[in-house]
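Just below sit the structures, each encoded as structure tokens.
Both complexes shown next keep chain A, but they swap its partner, so chain B is in the first and chain C is in the second.
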Partner chain A sequence: MNKVMYLEFERCIGCRACQAACRECGDHDGKERNYVEYVDFMESRQTYPMMCMQCTDPACARVCPANAIQITEEGVVLSAMEEKCIGCRNCTFGCPFGIPKFDFEENKMYKCDMCYDRTQHDISPMCASVCPSDAIRFIDFEEMQELRRRRTQLNLVEGKKPTEQDKWQYVPEFFGVYSD
Partner chain B sequence: MERLERSFYSKASMYSFVVVLILFFLLWIATGQFSKMKWASSGYIISSFIFFIGITVRICAWLIRPATHQVMKRSLKNLRKKSRKKRNVRAMLKTAVDNIILQKFIFKRGWYRGLQHFFIAWGCLLSLAITFGLVFNWFYFDLVDPQTYQIIVLSIPTITMHPDGFLAFISYNALNFSSIMLLVGLIMAISRRINNHDTKVTQRAEFDLFPLYLLLAVTVSGLLLTLSYKFLGGFMHSPMALVHQATVVIFLVYFPFGKLFHLPIRPMATSVPMNYWEEEGADTRPCKKCGDTYSNDDQIADVKEILGQQAFDLQMEDGTYLSDYCPACRRRIRVMTHLNMDAPIQGAGEPVMTNNGIHMPGFGRERDESFYNKKETEES
Partner chain C sequence: MSEFIVKKDVKNLHHEGEKLISTHCCYCGMQCGMHIRVNEKTGAIAGVEPRYDWPVTLGKMCPKGVTAYQTIDHEERITKPLIKKDGQFVEASWEEALDLIEKNYKRLQADYGKDALSVFGGVSMTNEKCYLVGKYARVGLGTRFVDYNGRFCMSSAAGGFMKTLGTDRGSTLPWPELEHTDCFFMSGTNTAECHPTTIQWLWKARDKGAKMIVADPRETPTARIADVHLDLKAGTDSALANGMMHLLIREGYVDHEYVSERCNNYEDLKKSVEPFTPAYTAEITGVSEEKILKAAHIYGQSPRSVVMFARGVEQQAKGVDNVTLYTSMALLRGQIGKFAAGVATFTGQGNGQGGREHGQKSDALPGYRKIDNPEHVKYVSSVWGIEPEEMPKAGVSAYEMFDEIQRGNIRSMHVICSNPAVSAPNNEYIWDGFNKLDFMVVSDFFLSETAEFADVVLPVTSWAEDEGTTTNLEGRVIRIRKVKDPIGESQPDWEIINRITERMGKKEHFGYENVQQIFDEFRLATKGGKADYYGITYDRIDNEEGVFWPCPSEDHPGTPTMFKEKFDTPDGKANLPSVPWHEPDEVPTDEYPVTLTTGRVVFHYLSGTQTRRISFLNEKCPEPFVEMHPEMASQYNLSDGDEVKLTTKRSSMKLDVKLTKAIRSDHVFVPYHWGKELSVNLLTNPALDPTSRMPEFKVCAVKIEKV
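This part shows the complex of A and B:
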């Protein structure tokens, strides 16, 4: 897999198409695993999409007492294995980004798995394939690098200059799984 | 204790040694100082020993994980507290009945899956119990007189029964009943794995399918043995017995290292109602930022401890930890940080300032005071 998820939060228009698409994904059982939330509803209508970072060393898996959260060979962090999950919700509190969801009825945790059945064949995940404003994109690593460069230039035009220490603050979030 | 521990390679090897000693002791009692050993089932005995050693080693390895260790530590601490006795007993009973005996949570994932798991789980548990009992000679039948059979448990004579009675019929065929249960569950499970496309997303052949086919081989070969001696007059009985023994040996050796290992770790689900439910079904700890309840103090303390032990530095500049905030606030903190806004963490209810001089309102820094002052001076 040589593609990455690329999020530009400002582009989100709050249509929640990504959530509707997520519900349709295989094995998601009609429940969405991503989030679309308001930054601050009292101040503006700005929303942002949010999904799992697929950490290489995921805190959710580290805090799981049952060792239920597995990582595929491509690096996708999967939902807790249903037979092992004891329903303690440690993962939802351990995750620094607040991603895992918990189903009290069925006693299991579920989280964004980047539509593993699709992305393992380099097909765009459901949310990225439907996003009308390109807030969520599933693009080549090189294309992502190009977009980041352009973004840095935009920041320069706006009068902000990144230094070696804080250049990471000037690029949008990208994540996902890629090999060289 | 520590000196004893040091004389072994590791804790796991010490506990395995203890388990082997206990098994040998039980075997010694049950077989009358090894005089009634059944050598035909020696394959079963050896693989049962490997089974128990494997389970012990796996449980030890699993308890070493910081997360598991922390949860078990808190569970043991709470178990010792007298003031929590009522809650502990209730938690254990609730988990045992709802979670392990009735497996209610799987039925909520769908009646088909619930029924399938119920059949496989209880078929497996009953068969394992009977197998170990017979292999280690923990119980067997003895003929007292031509009209009376007696069940002998650990060399102690217990109930007697008529050889053609109802009780006798049940106990002779217990393994057949459990294997029929298992067969029904396995057919349901395998057909689900074949027909349901959702399961194919994350299923792995060696992890999810192998145990099913292995169990199927054990069950079918066992049922064929019954068929052979009941209806075919012992046709092909001894080769089938060997095949059955071979499949059971593979199953027992595989058990601690594959998917089926979820069985011995399931009782840890007790720790959830025991430690983490201050009030049943309700959270008690408020989020540092928005004030909504999202967890309880003990659990957040545990999570911080586990993360700290594994060198996850999730402490913020103001000394709070990310796990002090509810998931929704943590998502917001992440967005604000990534948008170059340094995530203003304010008191509960305060709005996030998203208006700066450069970006469109929504994402950006607050306008500098000098910006407004400059405008005022220009106007005047």
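This part shows the complex of A and C:
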């Protein structure tokens, strides 16, 4: 899987379709694993999506005393295996992005698995599939690099700058998340 | 033809033991493509799968779309007819319910005449059903009183387009062309929340350098990304549009060749926009002169532009004027009828476009024919198998039907696919009207606030339990597929109409056996009209990814781009308007010093009858709030989350304050998707547009008190 989850925060319209869609993924038990938050609603309606970065050397897996968090050969960091998870919540404290969720009733952790049932067949995850503004995309690594170059290029061509407002100051312009 | 439509090489996830059925969302005019997952053995709905190859939406869905399937088997569905006995609903058989309807309808018509009955329709249903509502009222019941909830939604756009361009098709261009547009001038449309899947097209264009100008009193998620946000006061659109045209003329941005060849009244328009200098426009609208100038230059210099608007400009007592003015901005720039350019309104309801063309409106007949035109009446009568003299005269608009109830002229109402107890302005007047009725019938699949007033509630199928066509916001006729059999004893609206009209002795005019039969009659009824569907067939829709009307014959390709050669007016030329500045019906006073505007949130649809029952959507937005600038809040000593009482001349309500700087400091905003004491339409002003009879939901004067 040479694909990348590509997030462009500025495009997020706060509709939370990605969260509704996350619940729809066959393996997700009807619970969403991603986040959409306001940067600061008092100042602006700017929202941003947050999801697992699928780290190459994930802190959540490293701090798991039970070795319950597995990484697939493609590099997808899965939810803790039910039979191994001891419910210690170390992963939720260890993750620098605050991604893993904890089910207090079932006493187990769950997190984004990039819709592994879809992405292993090269089908886009639910969140990226439905995102109405393409704030979340599931694209080839090459396409991502091209998009990043285009941003710079557009800023260089006079009159072709995507926007003249200063609203970007609240969030980074874009954010690439690597899956491999 | 397979039920699952997919292009070669498009991958979808197929779960074992499930099949996919291709259809469209039940909510807004985007009509996003989707596949519904169905268990092959049990026929139960399993979920949703993106329809990546639907050309308008490319698999994208908003949270309403993703969860739409959850309404189908919802536990609160009405599964049996309900009859009110001693103030309580009890389940009844269809025979009992129909007996009661027949008895009361016949009694009321005998005592008070044919027009004692009325029908209040809606446009969140298929073309086939919308078409039947008009026929049901006029032929089945013989009453002139029929109208529909489009009066609260799109009728000003229709009126404005008719006046200016001669025909009302919501968009003059197909949506995928938006990618190639250079400038979007968007007014009174919070696209990001109300038609979210359009945003992808705006960004595709922006990635190539396109500009966005957004006029809205709030810095909505749409306005947030605009190059220029024109933060106008609610109700000042006509001044803004006049001011923009003043600058287009002054700065030499008018396409004179186009205007002289294709438009009437240019000199009059020039004279009428003369006073609207940037200073005068700024004074009325509250937008700074710099922003007005900047917007005019960006818009004027763009080779290909689209003017887009929605309820913000339409739901005003001057809605039609606003539409004619904004449309004229596109005409002065010579944009209508060309590639990636034109004018478009964002249709609010799923079939707002198709539903307003085919005779649910009090003065309209199928195919955009008019009931005051003897030729039109003659043609439609011949299709319906009645004598032209039998055709009832024009009725009155939706809100005015409630005046007729107060006068005792309307004694009974059948509400189909609508919830005016929430969506009509001045709610208390509406509720009082329902209470005054001798007999009230509601067809719905949830017990809406309106249904609670009824004497009989008839359980209807949801959108996924019947088939048919809708017309999306582009004017593209598309196909809704039946996904499963109806729940309980619910029946499609057309079957209910069959059964009531049979009781009323009109079986020979109805008695439909299937939807195809209605569609074929409907095509014939539209033949030769402005909205001509005659050449559209179910197979063509499947093969051609929808067909754009007008499409007068089966070998006609349909009309993706409107008005390429000429407009639909008698002389083929567009009519430019001359509109002086008028204030909104209500302006702030000492007693009511603040402007209240209403609208939607992304999580709910219309009166919320469906979306409030979906757990995800309700979790995200469980109740209304009043959005307020912190500058205003400090004048009333209010903090975030405090409770306030809002009072207008109509009524008052209590709400929690939500503070944000993303709104004008002299306006407050309340979303309208809730009923009873949480309905902001308790407060809204029923002042009607003189042409479209649309109420002024978007502007009223309000008093704020800390509770």
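In this section, the second predicted complex is superposed on the first by the 153 of 180 C-alpha atoms of A that agree within 3 Å, B and C clash if a C-alpha of one lies under 4 Å from a C-alpha of the other, contacts with A are read in each partner's own complex, and residues count from 1 in each chain.
Everything that follows uses one rule, which is that a contact is a pair of C-beta atoms (placed from the backbone, for glycine too) under 8 Å apart; a residue touches a chain by one contact, two chains touch by 3 or more.
Here the structure is a predicted model, which means the values were calculated and not measured.
Within the superposed three-chain model, A:R150 lies in touch with chain C and out of touch with chain B [touch as defined at top]. Of the two partner chains, chain B and chain C are each touched by A:D117.
More residues of chain A are touched by B (comparison of chain B with chain C). In the superposed model, A:G75 makes contact with neither chain B nor chain C. In the superposed model, A:S129 lies in contact with chain C only, and not with chain B.
In the superposition on chain A, contact of A:I13 is made with chain C only, not with chain B.
In the superposition on chain A, A:R23 makes contact with chain C only, not with chain B. Residue contacts after overlaying the shared chain place A:N107 against chain B, while chain C stays out of touching range.
In the overlay built on the shared chain, the residue A:M42 is in contact with chain B and with chain C. In the superposed pair of complexes, A:E83 makes contact with chain B only, with no contact to chain C. On chain A, the patch touched by chain B and the patch touched by chain C overlap at residues 10, 26, 42-44, 46, 117, 159-160. On the chain C side of its complex with chain A, the touching residues are 11-13, 15, 47-48, 50, 52, 59-63, 65-67, 192-193, 196-200, 203, 206-209, 219-222, 224-227, 602-603, 616-617, 620, 630, 640, 658-662.
Only residues 10-11, 13-17, 19-21, 23-24, 26, 41-47, 117-118, 121-124, 126, 129-134, 150, 154, 157, 159-165, 167 of chain A touch chain C when the two sit together in their complex. By the touch criterion stated above, chain A contacts chain B in their complex at residues 9-10, 26-27, 29, 35, 37, 39-40, 42-44, 46, 48, 50, 59, 62-67, 72, 78, 81-84, 86-90, 92-99, 104-108, 113, 116-117, 158-160, 169-170, 172-173.
Residues 62, 65-68, 70-72, 105, 108-109, 197-202, 259, 262, 265-266, 268-269, 271-272, 276, 281, 294-295, 299-300, 302-303, 306-307, 310, 312, 314, 322-323, 325-332, 334-336, 338-340, 351-355, 358-363 of chain B touch chain A in their complex.
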